[in-house]
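Letters A, B and C mark the chains in the order given here, with residues in each chain numbered from 1 onward.
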């Protein structure tokens, strides 16, 4: 029995994982989420910005991580549009371009935000370091037009914006090491304030930058997205997915505990 | 010509970037801006290298009839379809966007989601508290996992209700991330950064030449 | 077209999930299609969002007399074009020129900025809490955390220090460093689980709600 349990076919584990996702999703389970300090810090920073401020939002992720980061982007955009904060969006990741433009258009339509007045999407340029450094001197030297081909000089929102000096904070939604690049080049070289929303894989490595204040705030994976949705008051996919996550996490914890109990009993018997 | 010129170019650009960052002189600033702008222009061409390598790899597979070689035609079909539609019509073309949204996005997301199954299976079969180090790793992972999800709070509160640490599942996770995890990560950041800096100095001085590849 | 798109996406999603049973032609089809489509997308974006605005437009502007500044950009463009030397085995060595420029640029820009962001700032962050301890503004628990942080950083760095043999006190410091690293990796594992499971939840959400929902809409 014990041997069977230890050497259980991995496909049985796969079925259990699938069920742990499907069942709670159909049951629409909803549990309360408490807000962590790094998420609260980011929310407070944006909330304290006066109307007419500008934030830069970097969609530095592609399709492989959009389920974690798109809910963050939506909640943050809704907060900015509600508070009349201008958003300059860009991406340093090539396969995030269409994803970013679609998401912006979707939220803008929902919030009646106007392209060119409430937000601008500059698009993508290759060479992350060069793009970050180039915009520090002059945004126009890297992006002469926005993603839709309109010259920056003709965009009302960009009238008084030359470089990072006119931007209050950059929020990097990242699935790779772009956040470090923003810190190393934009923060050190041009004093641009940085905050981030990152995938679960990257959460642990962001904490040294939070403690030094190089990061003003942090949304940690889908948990951060759910927390931010709660703070802004717009429950969405973040809240839904973190609740379903509960059951898969529970299953994995149980599997680890059972696996270890079986292992120790087996080892005892062998000795 | 083949090795000396690249080494000289690398040295000049490296030194120029270091000096111009420290000098506030207008000429220095101008040079800095021009070099950044020049490097920005070279960047898109680097894709040529990746594309040619991919095409050569799959063309060779077809020519040599390697394992599963017919699938290389599918690689070419996907690539050519995107290029034929996207290059003349642009990335905002509805058909190009349709292909991205309904072919690339679901496949990319699904490919990475497969790992959820394999993580669960590996956790069950291999995540054992065999040694002190492995136990630390396991216990930390469990604390973080439970702290990451709302149900973790429920379980923690049930188990810890008789202790002063009730209602602290998320706090325990945050403490782990903010203290021992932070120390380990900071050690790694310091170590890696010192490595990158010393390697950069070696590259600029021409001591490290592996980027030139083999041959004369 | 929207429903057709959902069905295509669902078919490809299921093709990839079929790998969970075992490797099969449907999975291999989707895998190779994914590579082709992704690279194709990258090429198109690099041309339209990279080559055209950064290289072609300035040259065109100078050719038409709109702005002669574009001529200056012919130099980096010429270096960029050397990447095409990869096509000729006899001239492949020419790609060393643009690579050398990019590597030299990257190395030069990294040294001062990385020193400030990752060495000075991180060291400051490690010792800064001791100022607060001296000022008496920290609780005993926070003081414990500050001391633990210094111990952790020093021990982790000791583990990565290979210039001396790990014997005696160095061995013990390095062993403590391993413990901190294990906690770091454990927390990374816990967070990775959250990330990967979220991707799975999104795909199941798509299959259950969008795809099965579209079947319901058909009837």
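Keep in mind that, in the parts below, a contact is a pair of C-beta atoms (placed from the backbone, for glycine too) under 8 Å apart; a residue touches a chain by one contact, two chains touch by 3 or more.
For clarity, every value in this text was computed on a predicted model and none was experimentally measured.
The chain pair sharing the most C-beta contacts is B-C.
Look at the CA centroids: the one farthest from the centroid of chain C belongs to A. Separating the CA-averaged centres of chain A and chain C is a span of 14 Å.
For the pair chain A and chain B, the distance between mean C-alpha positions equals 16 Å. Computed centre separation for the pair chain B/chain C is 2 angstrom, with centres defined by C-alpha atoms.
Within chain C, contacts with two or more other chains are made by residues 20, 38, 41-42, 45-46, 49-50, 54, 105-106, 109-110, 113-114, 118, 122, 125, 184, 187-188, 191-194, 196-197, 199-200, 202. Shared interface positions of chain B, defined as residues touching 2 or more other chains, are 21, 37, 39-40, 42-44, 46-47, 91, 100-101, 104-106, 108-109, 111-112, 116-117, 119, 123, 138, 141-142, 145, 148-149, 177-178, 181-182, 185-186, 188-189.
Counting partner chains per residue, chain A has residues 14, 17, 64-67, 95, 97, 125-126, 130, 133, 147, 189, 200, 203-205, 208, 211, 221, 223, 245, 248-249, 252 touching two or more of them. Across the complex, chain B is touched by residues 6, 8, 10, 13-14, 16-17, 31-34, 36-37, 62-67, 95, 97-99, 101-102, 125-127, 130-131, 133-134, 137, 141-142, 147-148, 189, 200, 203-205, 207-208, 210-211, 221, 223, 242-243, 245-253, 255-256, 258-260, 263 of chain A. Across the complex, chain B meets chain C through its residues 2-3, 5-7, 9-18, 21-22, 34-35, 37-54, 68, 71-72, 74-83, 86-87, 90-91, 96, 98-117, 119, 123, 132-134, 136-145, 147-149, 173, 175-194, 196-197, 199-201, 203-204, 211-213, 215. Those residues of chain A lying in contact with chain C across their complex are 11, 14, 17-18, 21-22, 25-26, 64-68, 94-95, 97, 123-126, 129-130, 133, 143-145, 147, 183-185, 187-189, 199-205, 208, 211-212, 214, 220-223, 237, 240-241, 244-245, 248-249, 252.
By the touch criterion given at the top, residues 21, 33, 36-37, 39-40, 42-44, 46-47, 91-92, 97, 100-101, 104-106, 108-109, 111-112, 116-117, 119-121, 123-125, 127-129, 138, 141-142, 145-146, 148-155, 170, 174, 177-178, 181-182, 185-186, 188-189 of chain B touch chain A in their complex.
Remark: chain C residues 20-21, 38, 41-42, 45-46, 49-50, 53-54, 57, 105-106, 109-110, 113-114, 116-118, 121-122, 124-125, 128, 184, 187-188, 191-202, 204-205, 208 touch chain A in the complex.
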